[in-house]
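In what follows, a structure is listed as structure tokens, so that the remarks can point back to it.
To keep things simple, chains are lettered A, B, C and D as they appear, and every chain counts its residues starting from 1.
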Amino acid sequence: MAGNSFGNLFKITTFGESHGEALGGIIDGCPAGITIDFEAIQNDMQRRKPGQSSIVTQRKEEDEVQFLSGLFEGKTTGTPIGFIIPNTNQKSDDYSHIKDTFRPSHADYVYVKKYGIRDYRGGGRSSARETASRVVAGAIAKQVISDIKINAFVSAVGEIAIDKPYQDLDFSKIESNPVRCPDELIAQQMEAHIKEIKKQGDTVGGIITCVIQNVPIGLGEPVFDKLHAELGKAMLSINAVHGFEYGEGFCSAKMKGSEHNDSFNPDGTTKSNLSGGIQGGISNGMDIYFRVAFKPVATLLQKQEVLTNKGEIIELQGKGRHDPCVVPRAVPIVEAMSALVIADYFLLNKIHQTK
Amino acid sequence: MAGNSFGNLFKITTFGESHGEALGGIIDGCPAGITIDFEAIQNDMQRRKPGQSSIVTQRKEEDEVQFLSGLFEGKTTGTPIGFIIPNTNQKSDDYSHIKDTFRPSHADYVYVKKYGIRDYRGGGRSSARETASRVVAGAIAKQVISDIKINAFVSAVGEIAIDKPYQDLDFSKIESNPVRCPDELIAQQMEAHIKEIKKQGDTVGGIITCVIQNVPIGLGEPVFDKLHAELGKAMLSINAVHGFEYGEGFCSAKMKGSEHNDSFNPDGTTKSNLSGGIQGGISNGMDIYFRVAFKPVATLLQKQEVLTNKGEIIELQGKGRHDPCVVPRAVPIVEAMSALVIADYFLLNKIHQTK
Amino acid sequence: MAGNSFGNLFKITTFGESHGEALGGIIDGCPAGITIDFEAIQNDMQRRKPGQSSIVTQRKEEDEVQFLSGLFEGKTTGTPIGFIIPNTNQKSDDYSHIKDTFRPSHADYVYVKKYGIRDYRGGGRSSARETASRVVAGAIAKQVISDIKINAFVSAVGEIAIDKPYQDLDFSKIESNPVRCPDELIAQQMEAHIKEIKKQGDTVGGIITCVIQNVPIGLGEPVFDKLHAELGKAMLSINAVHGFEYGEGFCSAKMKGSEHNDSFNPDGTTKSNLSGGIQGGISNGMDIYFRVAFKPVATLLQKQEVLTNKGEIIELQGKGRHDPCVVPRAVPIVEAMSALVIADYFLLNKIHQTK
Amino acid sequence: MAGNSFGNLFKITTFGESHGEALGGIIDGCPAGITIDFEAIQNDMQRRKPGQSSIVTQRKEEDEVQFLSGLFEGKTTGTPIGFIIPNTNQKSDDYSHIKDTFRPSHADYVYVKKYGIRDYRGGGRSSARETASRVVAGAIAKQVISDIKINAFVSAVGEIAIDKPYQDLDFSKIESNPVRCPDELIAQQMEAHIKEIKKQGDTVGGIITCVIQNVPIGLGEPVFDKLHAELGKAMLSINAVHGFEYGEGFCSAKMKGSEHNDSFNPDGTTKSNLSGGIQGGISNGMDIYFRVAFKPVATLLQKQEVLTNKGEIIELQGKGRHDPCVVPRAVPIVEAMSALVIADYFLLNKIHQTK
């Protein structure tokens, strides 16, 4: 209810503030007997980590996961997997200047209004640092649904966007550049643009596309828990996300039914896949694809007007180490949330598979 | 878990197939002591009902709600409100031709694959007729949060779209035309376009914009249950919805932080509201606004290829009474789902208001 | 949250007041493809029904179930099963005398204090009439877990109790007498006692024992959702229940470990079964057995002191048609709640059965 | 779903095995702004801790709680409270002898059957060591409902039982003896009995009584979530508990209605309180009292027959450090679970308090 859990059968609950002792979480409902690939988990953590390239924040966060339970001799036991990620490099001093102020388009103000108190250091609970816990859980979820392939990538940074369908892209190129864009020419433009934005002390938004392949037919629950509805919620729960569309999304609103319908092949697959792999909220075995819109990061390294807790408007110079563009680091987060949704519905669907 | 419930503290569970005995639902958690305005409920039902104008399906559905519990002498008692909407005008014969076939971009195929059985009459549970129950619950939710104003309207039909910000629209005009578009000139174009599409036996998609005003600060729960994440899920759970964006949505992905940030006024309101009334998943007291993309209705009154349960592709002529464009009738559904989300978070927020 | 739902994967939500239009409920999560035995459902309804013998209330309630959804050509479809039980024989006049009074050991007073309002007719929502909906759901749950045998029976009425272990009883005798006690000699004593109590205008408590046989190993979830914890909650949620014990229950508190431990046979069964078929919250394949204590019905056909809503104590003569002893009619309710718990855990356990 | 969470609005999720790195949990939904009394938490931990007296196990467990989040400058912030309790003194060698065996009346066997794998060291997840996390959460819950007084105590050990009503006991004496029995004479007999049992290498069961005072009227939700049903589930989820009764419990089954009914005083209190402070599942403001039956600890320091994973029955000599009687250490656990239930319903009841 208080909003720190996600999923039902495969469920993650997270805790932790940006500058507290540690982040962490509990994964409950992970099936027993899975041999965990710890390297794969740490690899996803590296992809989310600050400081990994010149276009992301140079903050140092070690992001080393410590598993405390739920594993025995390298395998899951069916009991809850508790883990922590110590905050080893908090510089709380960096944030003393925002103690009494509310920054524009941050959660500072609403937290104080809602709770009457806030941990102002680095955004506290509203910091995207929380997503480190999601990446841990998502990396394990991927291992639960290991036959299903999830690939997310940056498809737009500001006005610069890939203009090809995902089918024409080579996913093996995603990690070949710091932007995580599989179109290498576009990737170079994006990188240059982010560097330029950074120089200005400004930030820029972007879009991540995610493609989920080899999905069994039947995942998703009507009526309220349609597969895409839960995917949408998962994505919209990621910091800075302002939009979600699957299949043709907002473009489909402009189309006619005769253009949009996906005709069947005799084997039940469809000739086109404008529906994005989901019908009536249930996977149909075709590729699931969707796009996630991220607003620009609100923390600027420029002067901005802020509100003080005394009701004054003053100018404040942004400082610290922040991302000029969040989407390259958000790619593993989108994948993690996708994996959490799919794993949850995958387990739930077992109910229908035998009497 | 099986997906037929929505909400936590103010919770709706629905049942019913398109051509069964009745639809209905249970509203659990409605606060006690509210004098119910039954006319307001029936009015929202009328807005959703087929046959209300020449641009929607001419199917007749009486959609009369019968309340069976939870009310005493016109007031809510705090106990669950059970209600049914009898299906008085089912013509099951209309659907015998689809008994053994799977229509493109319908849920027929995935239901059979998931459950091994389907009620093929009129789409069964996957029919949008289910949304009648949501409108009942939403109409009651509106009365729980009566100070909060929710206005949805059609902002695009195919390529025809309102090009003004919502602030320049007169919401009192929404019900003045059958399209439910407050810009009367655009409304006429939309109406003409829908008629043309209908003549072709085709369908067309569209967009609904929703504006929620007078929202108290503090609604929404971090981390996973951000207010806009739950609104997004609510909207994506509506039949035919393929996209959701709030605030500037996908446009924000193109913007710079210096353009997108909303500066404060001394009273805590903001000068601009590109964030759409939500920060960090929590309402900030400014208007909440979002857009919902609907794909075109999949049922065409044209010949289409369908798959048979024997794995053959045959041509089938669509017949029956169907909507050429779903958005005019979906306006009260978007409002209903908004009201359900807001009422739920409104009740949940009481926890934080006193020790 | 508001307390009208039970279960997770196999979930029942009920609505309805004693003297409203109808009772009813929604069963969500019932697996698809089950051919429903409607006679078995109605048979359980008959066992719960008032007026079935001279030792129960002579109220007439038809208790005919109408299914509104979720079934197609006699089979479950995987969609929610909505049902209603019309209240055909309410005599609201019977209750006008209690409109302004609070009866001792009834829920009248707390409902008004909690909700500020109550439907005073026949106890409203707090009436045991609500359990009719549970019996419907339980009868369907029994059909989901048809290999598992659930037998409840009356083991005590007041001071009169069966003094044999359940293994020495013939369950086929349970329905052979109006008390539902398989020990026919004891049954006669119980029946005579209830008639005597009834003559006095008084009521008496009793105990129901329930035995669940042929349970697969592995049902139940540690830590908080132990199988017996959920069974206990299920039983304690039945009107008038004041105690629950499984295995040796309160007697085990007097025992030594060397007496209580159940030694294994080589095949994993145990020589004794003092643990009641559950270890660490998980079924071990042995018989599950438990006892449920019912307090005497609070409504007496005698003069009693009542509190008025003006804070006066007055004498009121009880009238109407009430049970002198609730346990004979509660037998199918205990079975129904048992079936709901077992069906829910049975479905949940599928997660662990394959990767 | 996987059973490691308890509560809804005030929710605890726990993780950890007896001999893993650490135990811990996440408390989600704790209201903001509460100044935490850390000493009170540690004090409850001490009461649960092994080695505190000569009648409990001499195992050393430091049980020092480390809070990782959700607190700022000593106050709750409304964000999840993550905590860990490192396992500093595991002697895994102690358990190698049970690696391939299943002990009678332990969870060893069912865990392997359910999950296909088990962490055999010290009982793993099924160890009562898990309750340390509950005590932490319960100690915080007590501070949320600080006006409500919860007192649990040992009322029976084997055949030795307090024979006075709780009203005649002095709760300030509970902590004055190692048994936690407020009747000092009986306490001495219990202590002597436990020592005797210990000498035999045997164990003995017992009963804990709990009294909750100063409870506001209105806590509890009909129908399925009655206050005593949730209290019952909470208690039955504690290791070794086999029975729960509230008010007169199993005794009420022997009573007549005219004896059992609690007559009102003009102020709404009742003259007697045989109902145990709850009517229709809702607190009525009178004292809530209930009894919890614990079976004897299954681990004996005697030879016992065990089953091997090869299907052989062999004799095994129990060793290690175990409790001869669990009830003295279970007193704070009963209190903790009570506090969790009451805090949850206390928050939930806020919904009904304003429109």
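One rule holds in what follows: a contact is a pair of C-beta atoms (placed from the backbone, for glycine too) under 8 Å apart; a residue touches a chain by one contact, two chains touch by 3 or more.
From a predicted model like this one, the values you see are computed outputs, not experimental measurements.
Touch-path distance (fewest steps) from subunit A to subunit D is 1. Chain pairs C-D and B-D differ in how many C-beta pairs they share in contact, with the greater number at C-D. If each chain is reduced to the centroid of its CA atoms, subunit B and subunit D end up 46 Å from each other. Centroid to centroid, with C-alpha atoms defining each point, subunit B and subunit C lie 39 Å apart. Taking each chain's centre as the mean of its C-alpha atoms, subunit C lies 26 Å from subunit D.
For subunit A, the set of residues that touch two or more other chains comprises 1-5, 8-9, 14, 29, 32-33, 78-79, 114-116, 125, 222, 352.
Within the complex formed with subunit A, the subunit D residues making contact are 1-5, 8-9, 11, 13-17, 20-26, 28-29, 32-33, 66-70, 72, 75, 77-82, 84, 114-119, 124-125.
On the subunit C side of its complex with subunit A, the touching residues are 1, 9, 29, 31-34, 78-79, 222, 347, 350-355. By the touch criterion given at the top, residues 1-6, 8-9, 14, 102, 104-107, 109-111, 113-116, 125-126, 130, 156, 158-159, 197, 202-207, 217-218, 220-226, 228-230, 232-234, 236-237, 239, 242-250, 252-268, 270, 274-276, 279-284, 291, 293-300, 302, 304-307, 311-313, 348-349, 352 of subunit A touch subunit B in their complex.
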